[in-house]
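For reference, the structure discussed in these notes is given below.
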Amino acid sequence: MRILVTNDDGAHAPGLWALVRAVRPLGDIVVSAPDRDRSGVGPALSLNELIRAKELVSPMPDVKVFAVEGTPGDAAVLGLRHLVPGKIDLAISGINPGTNVGEDVIISGTVGAAAHAYLNGVPTLAVSTSEGLRDIDHPVVGRVITAISPDLAALREPSPLYLNVNFPPLGKAGPTTALRTRVAARFLEDKVEAIERGYRTYYWLLRRGGRSVDSAHEGTDVWAVQNGYISISPVYTEFAGGDVNERVDAIVKKANAALRGA
Amino acid sequence: MRILVTNDDGAHAPGLWALVRAVRPLGDIVVSAPDRDRSGVGPALSLNELIRAKELVSPMPDVKVFAVEGTPGDAAVLGLRHLVPGKIDLAISGINPGTNVGEDVIISGTVGAAAHAYLNGVPTLAVSTSEGLRDIDHPVVGRVITAISPDLAALREPSPLYLNVNFPPLGKAGPTTALRTRVAARFLEDKVEAIERGYRTYYWLLRRGGRSVDSAHEGTDVWAVQNGYISISPVYTEFAGGDVNERVDAIVKKANAALRGA
Amino acid sequence: MRILVTNDDGAHAPGLWALVRAVRPLGDIVVSAPDRDRSGVGPALSLNELIRAKELVSPMPDVKVFAVEGTPGDAAVLGLRHLVPGKIDLAISGINPGTNVGEDVIISGTVGAAAHAYLNGVPTLAVSTSEGLRDIDHPVVGRVITAISPDLAALREPSPLYLNVNFPPLGKAGPTTALRTRVAARFLEDKVEAIERGYRTYYWLLRRGGRSVDSAHEGTDVWAVQNGYISISPVYTEFAGGDVNERVDAIVKKANAALRGA
Amino acid sequence: MRILVTNDDGAHAPGLWALVRAVRPLGDIVVSAPDRDRSGVGPALSLNELIRAKELVSPMPDVKVFAVEGTPGDAAVLGLRHLVPGKIDLAISGINPGTNVGEDVIISGTVGAAAHAYLNGVPTLAVSTSEGLRDIDHPVVGRVITAISPDLAALREPSPLYLNVNFPPLGKAGPTTALRTRVAARFLEDKVEAIERGYRTYYWLLRRGGRSVDSAHEGTDVWAVQNGYISISPVYTEFAGGDVNERVDAIVKKANAALRGA
């Protein structure tokens, strides 16, 4: 199995390398990621710009690493369509040190990067943890991803799945249950900070969560993570042909089997 | 009613000014749009950058125009949260001279711009036409938008709607029917062009439509536009609380009444 | 005479339009300027990027205006080599509302923009005033520029001149003397402000003048402006073939004749 | 002696690491360089933007490396004023694999980067070789730089020197003579390539050397390199207080002594 690993925090990010270590036993791994932290740009592509990429010296000799001077989406498309020879079976984006649930999904580069692999027909996972960098190497993360990846990669027709996986805070033992969830609607109260310098004014956007519409509802991704479950949501459901829920349920079952040591 | 008009083609774009002319009878109009063409960046926000904005000399004395040095999403948030005093009742993004259906929705700046108004709790429309600039001033466009805007603006609780409206090619008479549709799944065959100059390599991403999964299916936005219907789709349905379809149906009914001169 | 007008504050800047009004009697004027404020980038060119440009609706029907999505230098080269048909006789950059003397010259976009016209063989002026926007329309500015432009434009061989003109604060009557000066050496004490947000650190460069090496010396541009003289300095003297001082003196003589009403 | 090493090709560039290896015997080395290739931007600073920087894993344990998301000038100022504690005695920029002589000096990021160290009062060298990457590790390069650095660092008052050093093609033995030169005036014939894609036009600037005004003259940097000499030119001579030539001559003498094994 050939896996494209990407993210939005950049090719140097510790979360990306934790992910590479976790999925390495599954097959050939190639990294194509932005050369800088490009959080917040969602699925943006640089269609009107020239993009450059460089191959970095890899910390793992059998894992090629490309740093792309563009968005997370640029890195995914460039990896998939040009930098990596041959067919990609699965794209995984992450590990983002911080959840991507509810309102964050739309501007998440972690989610947006791999969306382009998905739109190009490749099964895809986005992976985020709750506790910053603390949990990125937790064995439960690797166990769940390696358990569901082969089935996900096999499910390419009629259209692949795109799953957004979020881990709750992982204690010593880790959680024992994964749930299929839906992305919660939460509404925002974004703020704008105006900064005056000389005769110039600058603005800084501050993302602020606002009133919750349904994030407290059982079954949402926000609720699941807050209650100690691993959340597995289909995203970009606008594009999903066929019965998504049924297919996601089969994947979630695999995750639960792995968590219970079956 | 106070309406925020935005787009992704920039504050100078003819489609934006066609939209302003169409909705001006509805109330106070304020424009906050990127200062440049920023197509392809979807809902990207510049959370790690300082943003600047300037007020332009407006071609219409009662319409204020802000040109924002950022993404379409930055322009929407800045307009909504800082540049425009008071409450915004409705955000409209467009008119994009070219449809935003199926796979284009995810990276569409037209769709992505107004998504941020929606995520901040404001009812939202994205508007695109089929035939480049030819149809942007067609009376059918104005008739549909002005017919549905008041009801859409009134529908703020429990959560607003976000509708993506695409017009088919508009002949002399124009179409007579609007349909509620869903965004079609189409898979892409993006290409990468490599350009060698001296000892440097540059890449250019080329967006290419690929095999169609379900765009030929009745009920999708692609099918509707190809068959001469006005397509009205809810987008970012991941975030929609409650029964979206029922609420969209009521809006579509209004559009059809306007088209039939009722 | 065909004159290319450019600047670094952008095609919308009031200083640029004051300059256009001042030089319009001299011949055909074409504007090619950045579409945004791009102060501080000196003579930077975007050699590794694609550049876009749009023609704006001009406030003066006989003056074409191109807004270039690039650096001041990009705007100058694009104007000179592509957007404007025919031969350019003179390039003028400004009016910058704030002096460009001593240490500012190297990063000044006003100075850097027109440097590229000069390097492409076109005689060039950069124009700055002392008192922000207050003096940009002062008649002394127009009188000096229109007096020296024809001679400067005629002086193309063996190599053109590039002059940096700075006006002192212009009172009611205005100054009566222009001096040939040299760019003062002043050393800087740049500061860096570190801003912490969440787990990210951002830096903001703050330009700070430091100990003066020779700016108090008679004959420097800093000294001239501080003592009420119009300063005319050759810049990029590394590139100047032949006896620059002698040629500049002839130009300064013209300026003084105009100031004294001769 | 504490040396700041910078460049415009980015912190990963082989030329930079060749330079680090060459000057390491002289004292403490710290690298602050752009995280990407930023050629062509000369001395541009990002005064209106927030800058980020990350410390990279260094290939040499005793050499700290900062990759700055900005221009070469940003990297130099950030290194000098914030990232590196304590006083910097010397800044060296390079090794650029390609000469920076004549007309290239103004837009050279190699030259522009270190210019900001110089303007902040630090003695500075810019170093370029003729034959791409072939000569960056040639022993003559290291011999010349290490010979002149201590004297250059000692010469801080009344103002430091800024020297632009260019090596001719280095054969097996290498050249035996360094000359004090002046930057040649050469005039350019820049070209603009227009690229049409769909309804958009993109421009690409192509730097083209044109008629030579004086580059064939003995004593210029272009002539020196073409005739097999090591060229040492003072740059930004506008800012140089006192008798520059005399001070440069003393440095050139040191270089020649080192070349002759004295």
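Chains: A, B, C and D, in written order; residue numbering restarts at 1 for each.
We take it that contacts are C-beta pairs under 8 Å (C-beta built on N, C-alpha and C of every residue); 3 or more make two chains touch, one makes a residue touch a chain.
Quantities reported herein were computed from a predicted structural model and do not represent experimental measurements.
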item	value
Between A-C and A-B, the pair with more C-beta contacts	A-B
Relative to subunit C, chain with the most remote C-alpha centre	A
Whole-Å gap between the CA centroids of subunit A and subunit D	41
Chain centre separation in whole Å, for subunit C relative to subunit A (CA means)	49
Length of the line joining the C-alpha centres of subunit A and subunit B, rounded to whole Å	26
Sites on subunit A at which at least two other chains make contact	37, 48, 50, 52, 200, 202
Contact set on subunit D toward subunit A in their complex	12, 35-37, 48, 52, 54, 56, 69, 200, 202
Residues of subunit A touching subunit B in the complex	37, 39-48, 50-53, 71, 73-74, 77-78, 80-82, 103, 105-107, 112, 115-116, 119-121, 158-159, 182-185, 187-192, 194-195, 200-205, 207, 210-211, 213-214, 233, 235-241
Contact footprint of subunit A on subunit C as seen in their complex	37, 48-50, 52, 132, 199-200
